[in-house]
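Next up, some structures in structure tokens.
You will see chain A twice below: alongside chain B first, and alongside chain C after that.
And now, the complex of A and B:
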């Protein structure tokens, strides 16, 4: 078909039109490059990597724990975002991958003493494989049916892990703690999670700007159209499911060792998967910075209200209320809504 | 080039398409017409595999394509538009068009979403259709006619051998209609085969080389426009009305 168009477009007039267009495109590309602040996430990452130096002057374990916890959720929310945000398939069952990753690496640690940080990439691969198989079945459904199928997945996994004697059933398995002194004990996990979070943000960015990402966006808008446009929707969806499962699984692997315990009601509670979804919705589904902002906000809300209201039920109520208010003013999430109104500050434009 | 043999599509007891046979010759503009509910769009859906045919086979250049998946059919060179233009909201016209560009295989997946070559090609197509000015508009902000043109642009992006147009003139103003007709002619002159479903009889008579008439899921006539005009079965199917006006 190229020939058809180029034949029609012979002559100087046509080529000058194309020339002008190209100049225009380059200007637009330069403009979007200028509007994007890649330096900010990089600076943030460097700052976080340097943060443990604080341990030299005192005990900042609480700060480290908060950053680590946030980074864990950034990884999971970014992973979820690849399926839920880019592809438009809302999964409430992503904590299954959290559990698979956690149990896989945790059991290897318990039996052979190999650190979960080393096993995390393998846990990711395992979760990708499991995600691929599950995706082949559940991604045939769309919309509400898919959400329900993902919930069913959590229930099945919960029953399996609750009754699986080898992994300790409902009681779980205690994992050995590392023998570092108390100031430095968190550091391996801290760095693992910060690097993992940075990796998942980078991967999201890479995917969003690739052919694959364009295809996923097309699927989220109109799957039938995407299919007839020549996009292999089934493969794309399953691949997105596997990748997002892998990221969540890697986070789960390290989380188990950090808590020194693996138990179904750490991994397979609905709160974990709902948190991922809420973070993405609050920050902005389908954006790169959205899951990061969402994770920071939800964890900050939680900590703030636990600190001020105590760990009663009221803190949960207050977090929920604040989220409702935020979503009232930012219906597409903070990053999504600001971007739509062209008010997104440059430091939050990572797309 | 395209052969439809014994195509059937049943929805429960309803026979939307029932033993439909026709062919499309290479380089021709073939029209598929018929009264409302004749099964034209269903036949289209079965050919492009948006719907699964109940029985029968579809052949493209000697290859059986009714068992393939929709994207594979598009990759074989058969692209279609939809009756109610389906476009991807929150994506620019340019992105909508480039979505349809061909992807080689696994290695291409992580390539940049829109390479400068592709942007140039898409811009060339938009220029050919005279809609470069809306390249950066959101696909959902377009007028009905602009959406139809965008659909056509997206089709051309996939380097098709044959295009299936489902009511390209539906809801389009007369000026734009002439424009679309001109584009279809020009593309056809350059060797692109066209299969078109349309209600505008005057346009069909003017544009097409062959006409296939469907009624109640069956092909009741197949021939040049002049023959179709005289065919009593066709006149009967349309109750005489529309065709005589067009003559």
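And now, the complex of A and C:
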């Protein structure tokens, strides 16, 4: 595009147009910067990094577990958001990557004793590769077909992992626990997940503000128009699928060691992928802060239900009800709805 | 040779039941473009209604069938009024409805699980465990009856769609919603009625399922993809296609189960679903690739 402009307009005229455009863009950026409180996410991150100091004065393992669990889901929901939120392809099968990451790193830990935290980036790479291959195939479909094909993917993966002798079939594999004392045992996983969550939020911000992210958003608005505007939609979609798969896979890698076992029915249950979807929709699909807020709310909600009612059936029922209510009345989620009415607090404007 | 015939018969018997399970799904998609992921969970609701009627009062599942169909049809009307009617004008209608039906499936599963626990259930009328022997080949009577009843219901549905005035209105809406509306068809009424019929068929299928398979609330996740594969292969919206597809896939699955291994027989459906979506998204009898 740019080269065409500079060829048709000569010399000064072209550079003055470019200059004006740059000035305009800077003005826009300055305006959106003013609406943003960049200190807030950083302060939040620092607070979370300092939180384990509580262990010195008492036993706060449950608090750490909750933060860790939330950070795990923030990673997964942000990952899902790159495909489901930015690109508009709703996948109900993202827990396949959770399983692949978990099994890859878990099996390496079980066989060679290498910590999953070190292996997590490699699990991410593996999931990106798998996601790329699967995406090449399934992203040919669109809309409801894609959703159905993603469901079929989970079913296929479940059968494969249930009957794969090498990874222990339906019984899974037990992993060695680390040899730290009880109050510090959670710390490595805690930091790994908090860093991973921060990384995934940062990555979604970077993607959203890149040419790539702009292309993804164009695809979600209207794929055919995006394609005729010169966006290589096929490559963009598949890359988005691979990146989102990689983030989910990294979370899965560490999650296995944290639980000290890997088994199909912790990774490949439908509730895991529903939670990812629901967190994004509740928080606000396609926003940066949305998955984070959604994850915090859903985890709190789940803990409340399990603590007060105890039954997982009621939890499923309540999750379904919540999903219907959100879809019917706040399809844009908390962040999206607040932003539409210009009531989004500055500290939540991470976009 | 005997084993081949035996496998074929078992596959066909199962195909009859799956045909009824899938046809309601197909009807609802055809008329309203709703991919109803809650359909299998409602089938299980119908199965539970039949189970308790049998267990508490000894009512035969086949007698209970129309009652279950009516109960579920009423639930269908309620669901449509509460959830789907207001979505009709949404821009991302089809994707929204998929997520909504998915959430509905969770609600139904959770409610059934909360009330009836996760134990495996099955109704056991005398014919369910019986079999007819022809030489060395046996035909399980439960599946035979279920298959016959299901084909009778589907034939009745087909006749209704073909010859009644209201059936014509439904078919017109399936073919072209706007044109049907222009010609004076009350599209909203057609939608409510066909949703009720579709969910009613789920109830009827539930009655048959209750003595053919053992079931528990979370079982529907297995069936979602199985039923989707039938409906997608048949061509979304084509009931005849669904019936043919269910016989085809069930026979293939029976052969895979007999010669490759029982664990791979359900895999047939999932792989088929995957391949059809990629190779021929309109299915066997679909007119155009509406989903893709």
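The rule is simple: the second predicted complex is superposed on the first by the 301 of 351 C-alpha atoms of A that agree within 3 Å, B and C clash if a C-alpha of one lies under 4 Å from a C-alpha of the other, contacts with A are read in each partner's own complex, and residues count from 1 in each chain.
As a working rule, a residue touches a chain if its C-beta (ideal position, glycine included) is under 8 Å from a C-beta of that chain, and two chains touch if they have at least 3 such contacts.
Note that the structure is predicted; figures quoted are calculated from it, not measured.
Of the two partner chains, chain C is the only one touched by A:159; chain B is not. Of the two partner chains, neither chain B nor chain C is touched by A:176. Within the superposed three-chain model, A:345 lies out of touch with both chain B and chain C [touch as defined at top]. Once the two complexes are overlaid on the shared chain, A:324 sits against chain C while remaining clear of chain B. When the two complexes are overlaid on their common chain A, residue A:316 makes contact with chain C while staying clear of chain B.
In the superposition on chain A, contact is made by A:234 with chain B only, not with chain C.
Overlap of the chain B and chain C contact sets on chain A: empty, with no shared residue. If you check the complex, the residues on chain A that touch chain B are 1-9, 14, 17-18, 21-22, 25, 28, 206-207, 209-215, 217-218, 221-222, 224-234.
Chain A makes touch with chain C in their complex at residues 90, 92, 137-138, 140-145, 147-149, 151-153, 155-156, 159, 162-163, 270, 274, 277, 281, 311-321, 323-324, 327-328, 331.
Against chain A, in their complex, chain B makes its touches with residues 48, 50, 69-72, 74-75, 79-80, 82, 86-91, 95, 98-100, 102-103, 108-114, 116, 119-121, 123-125, 127-128, 132, 136, 154, 156-160, 186-187, 190-192. Of all residues in chain C, only 35, 37, 83, 86-87, 90, 94-96, 98-100, 102-111, 113-114, 118, 217, 221-222, 224-225, 228-229, 232, 263-264, 266-267, 270-271, 273-274, 277-278, 281, 291-292 touch chain A in the complex they form.
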